[in-house]
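What follows is a pair of complexes built around chain A, which joins chain B in one and chain C in the other.
Then we have the complex of A and B:
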């Protein structure tokens, strides 16, 4: 089955069985930032942006993503938003395990999209949503705060850290 | 000539920052394991069912395809590469299916038939019938043979076969039995049985490899933690000399004990497929196989019987440790020794009898985490102390201080440890968490809950507080320490770069090592290189040697101390571009403090001490616990990087909380971690939390429920079930009274 999609801002036609998971199709197309974790949509290792929303690609059949926009970390990290987040994480001294990167980065992206300056409760909820324990909560929350500050600085707005 | 030199320079071990699952090769085949659906049986044949259309490029490999040894010795335990005769456990890998399309392989897997020996079964059936008259299943009654075998074998196992002990350790000091029969010395006798099946699950890359044969060399990409064993196993199984085996260690996601040795078996299976087909083979375990083989819950049961005199001094201890090692387990005796050493926790007593046994069973090899073996013993001992406090009325703080090693009574226990300022630590954590007051209040609240209250025994508030103490030993001086040859080498090259010839085991240790170097030497952190060349795993000077993995002996703190010594020597020299190297090893006198034959002395190079309290409340609507506060105090010698150490402890707490309830992660809004200032040498503290937090949690929960919670991990409905049982018991009691 031919499935046209906007993959990492390029028009692509995916050739796959409609029941195949989006995860399998993306990986077979060489997008290896999408990792195979629990395969039940719980762990977040396979998170991608589907129409600008983070979703677990392991439980999404590729047949339903026709004409949708899909972004993976390979592309997202080259965007300004991606740069804000990854440099914020670096500033906080975060050393991610490689399997939870997409989950942490896309969840942070979604929070920053919704909230100009995330509250303590929002940050706490975000930390709760991450299932991987490779980084302690405090360091991760610091990373998100730095990412917020980076975004504000880029946009010329008042810094979140002040 | 040039090509020859190039090949000679090629390293047999390379480290990569990639995941093997992200790797691929042209013309690659995928491999799927065929696992045993039964826990026992004798295999007659394995093959495709008749009339199965097998695609040309799909292959099935069994034990008969192994070119070399069919089983390998891992630390003296024979482990089959593919099971060819007797099936040892359910899920055991019997064959490997390889092909270019994973979906085709998955379908083809259903066509594989495993035929078991019916004669063997009939023989057992006859034997069984002689002794028992109630044989429920017969192979002649029309059932498919497999079903008969399962039922019959299970029945036979349950009724006739005794559990085979594969390792045993007995420690006896003093006159335990006499003390138990002396009413003065045993004013209180408390018994408890504690079962811990805590294990750490993760959803990261499953175990596997990518391998291929090129130019007469075998190339392997795998997340291996034990390179020397992998090289030895591959050479024995495939017949390739070690010099022709090139291993690239990819990112390691699982540091479980089974992953440590099982990796070499999996890679051997894939290597056979790669050699036979001449094509690259990628072999990954499925998530369910990973959980069944490598991340399975350990089964350790520890029984305690403790006698105390009227003053609260422990006068006798009888401890029985039972550990199901599974079908085979190369680390069984080592695990048992460590469980026995930590059996009495931090306490000393004149009269102790410890009987520890490891059993062989038809379960998969048990995966007790090597770095956290002691935690099972501490969990039992600390829960026992809390139970003693609940039954006798002594304060848990006083009980710990009276009976702590080096306390009121002189110990005849054959092991010696140094706990630093443990009394101060216990006092500090009790004050910081207001333990005594909260313990007394919770005890009062729970005291007459069942007898007097007309309301539900589970009306709020239900609160509990638990305390636990433990030590974390590093550099275990047991059987394998002599062979481990611990040393550190630091060199400086022409480019003025500092090369540390050892890989730090974690990012926090990496930070600590960098800090040690940059504090004493004027060098930029970017000029520090970590490599495993020349010593350690890659330094196989003697081809037959198998270097013992770090996880088995816990050498992080020892290596840190040696690194510090290297740097102290290095800072006296001038770094001007002249290459030089410094190597430091452990003094032999330190190895002599432990006597393995007599099983006595100081079992660890050094020990850190930690204590914690955990406070919780029960939500009587949801029957779930809400953790209120966790206080941790650690005496870990000199803390070289407080920030990294604090982060590491917080991360351990987070991980530990995720293991206490199955499929749920507990969280605590208030976590306080403190380190005691000390000028002693730095000690390993990474795993202390796993020894203290589960016991503190179980104790707090027991107090809140007024029922002893003697097993962990809980299920999400465990508290509800405990409450339900108690309410039923209460109703029956009332009806009886009326």
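Then we have the complex of A and C:
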């Protein structure tokens, strides 16, 4: 079955069975930043942006994403928003394991999109939502604060750290 | 044929529609068609043989807030509803939404999918029962707004288009999700309790429980309406005996896990203690 989608900002026609998971289809298309973990949508290693929202690609049948926009980490890290986040994470000294990258980066993106300056409660909730233990909670929260500051700097807004 | 059809080597077929009339056309012409949104209820299960995706239908993504109620389109994702915030939704409903799975799953799961579980009453069912929500079902000829209390089973060949939530204020509002936090098993259920008072008397009381079966009994609730506040421990014990009888009666022909039964009684007791 042919499924037209906007994949990483390009119009693409995916050729797959509609019941196949989005994860399988993306990986078979060479997008290996999408990792297979629990396959139940809990661990976050298969997170992608579907219509600009982070979703677990392992539980989504590719049939329902017709005409949707999908972004994977390969593309997202080249965008300005992706750069803000990844350089914020580096500034905080984060060294991610590889399996939780998409979950941490996309969840941070969603929070920063929603909140100009995330509150302590929002940061706590974000840290709670990450299941991987490769980075301690405090470092991750610092990374998100640096990412917020980077974004504000790029947009010429008042810095989050002041 | 009006809608597009895609055949595939396996027996499963996905259908697509652009708008509501397209949906009704396909529902009328294709037998045993299952409506799907985010498909999260099929995790670990087989997808239906024939599925019609309504994820992109704008008419099913409406949010319409009025003075006394709010209408939520059935294809709205749970995160879109969560983003409306506690101020725009009944507190108990907002709390229930935030307990469902994780944020990423809520980004794809729809409210319609949660309400229309075939073999299980999902997390939102108890709060909806307690709030006296109404469900709007549509077919090609029109729509019917049905109180969820009176809904015995989902109507065949009709589409859930809206969930209407009354926006009353509640003095005591308590929601608990039972069982595992991110999956559903025999111990999963949800409990909702709402109470209001006037001139130191209980003026309205709602107790709802939903899981493998649903429970709400207006006769039971009426037994406490008019009772003076604060409730005495005797009044609570007497009500607990009544609640036990009503609950046992409602579950007499079901094999219910004893843990769930005890959790229900404990939660009723705890809720009533909030009124002391």
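Here is the rule we go by: the second predicted complex is superposed on the first by the 162 of 162 C-alpha atoms of A that agree within 3 Å, B and C clash if a C-alpha of one lies under 4 Å from a C-alpha of the other, contacts with A are read in each partner's own complex, and residues count from 1 in each chain.
Operating definition for what follows: a residue touches a chain if its C-beta (ideal position, glycine included) is under 8 Å from a C-beta of that chain, and two chains touch if they have at least 3 such contacts.
Note that the structure is a prediction, hence the values are computed from the model and not measured.
Within the superposed three-chain model, A:9 lies out of touch with both chain B and chain C [touch as defined at top].
Residue contacts after overlaying the shared chain place A:115 against neither chain B nor chain C. Of the two partner chains, chain C is the only one touched by A:1; chain B is not.
Once chain A of one complex is fitted onto chain A of the other, the partner contacts of A:59 are limited to chain C, with no touch recorded for chain B. Applying the stated contact rule after C-alpha superposition, one finds that A:129 touches chain C and leaves chain B untouched. In the superposition on chain A, A:99 contacts chain B only, with no contact to chain C.
On chain A, the surface touched by chain B in one complex and the surface touched by chain C in the other have residues 42 in common. Those residues of chain B that touch chain A in the shared complex are 19, 21-22, 202-205, 251, 253, 287, 507, 647, 650-651, 654-655, 658, 665, 667. Those residues of chain C whose C-beta lies close enough to touch chain A in the complex are 6-10, 12, 14, 16, 36-40, 42-44, 47, 51, 53, 55-56, 77, 79, 83, 101-105, 107-108, 182-183. Interface residues of chain A, counted against chain C in their complex, comprise 1-2, 17-19, 40-42, 44, 47, 50, 53-56, 59-61, 63-64, 66-67, 103, 107, 110, 114, 129. Only residues 32, 35-39, 42-43, 45, 95, 97-99, 128, 131-139 of chain A touch chain B when the two sit together in their complex.
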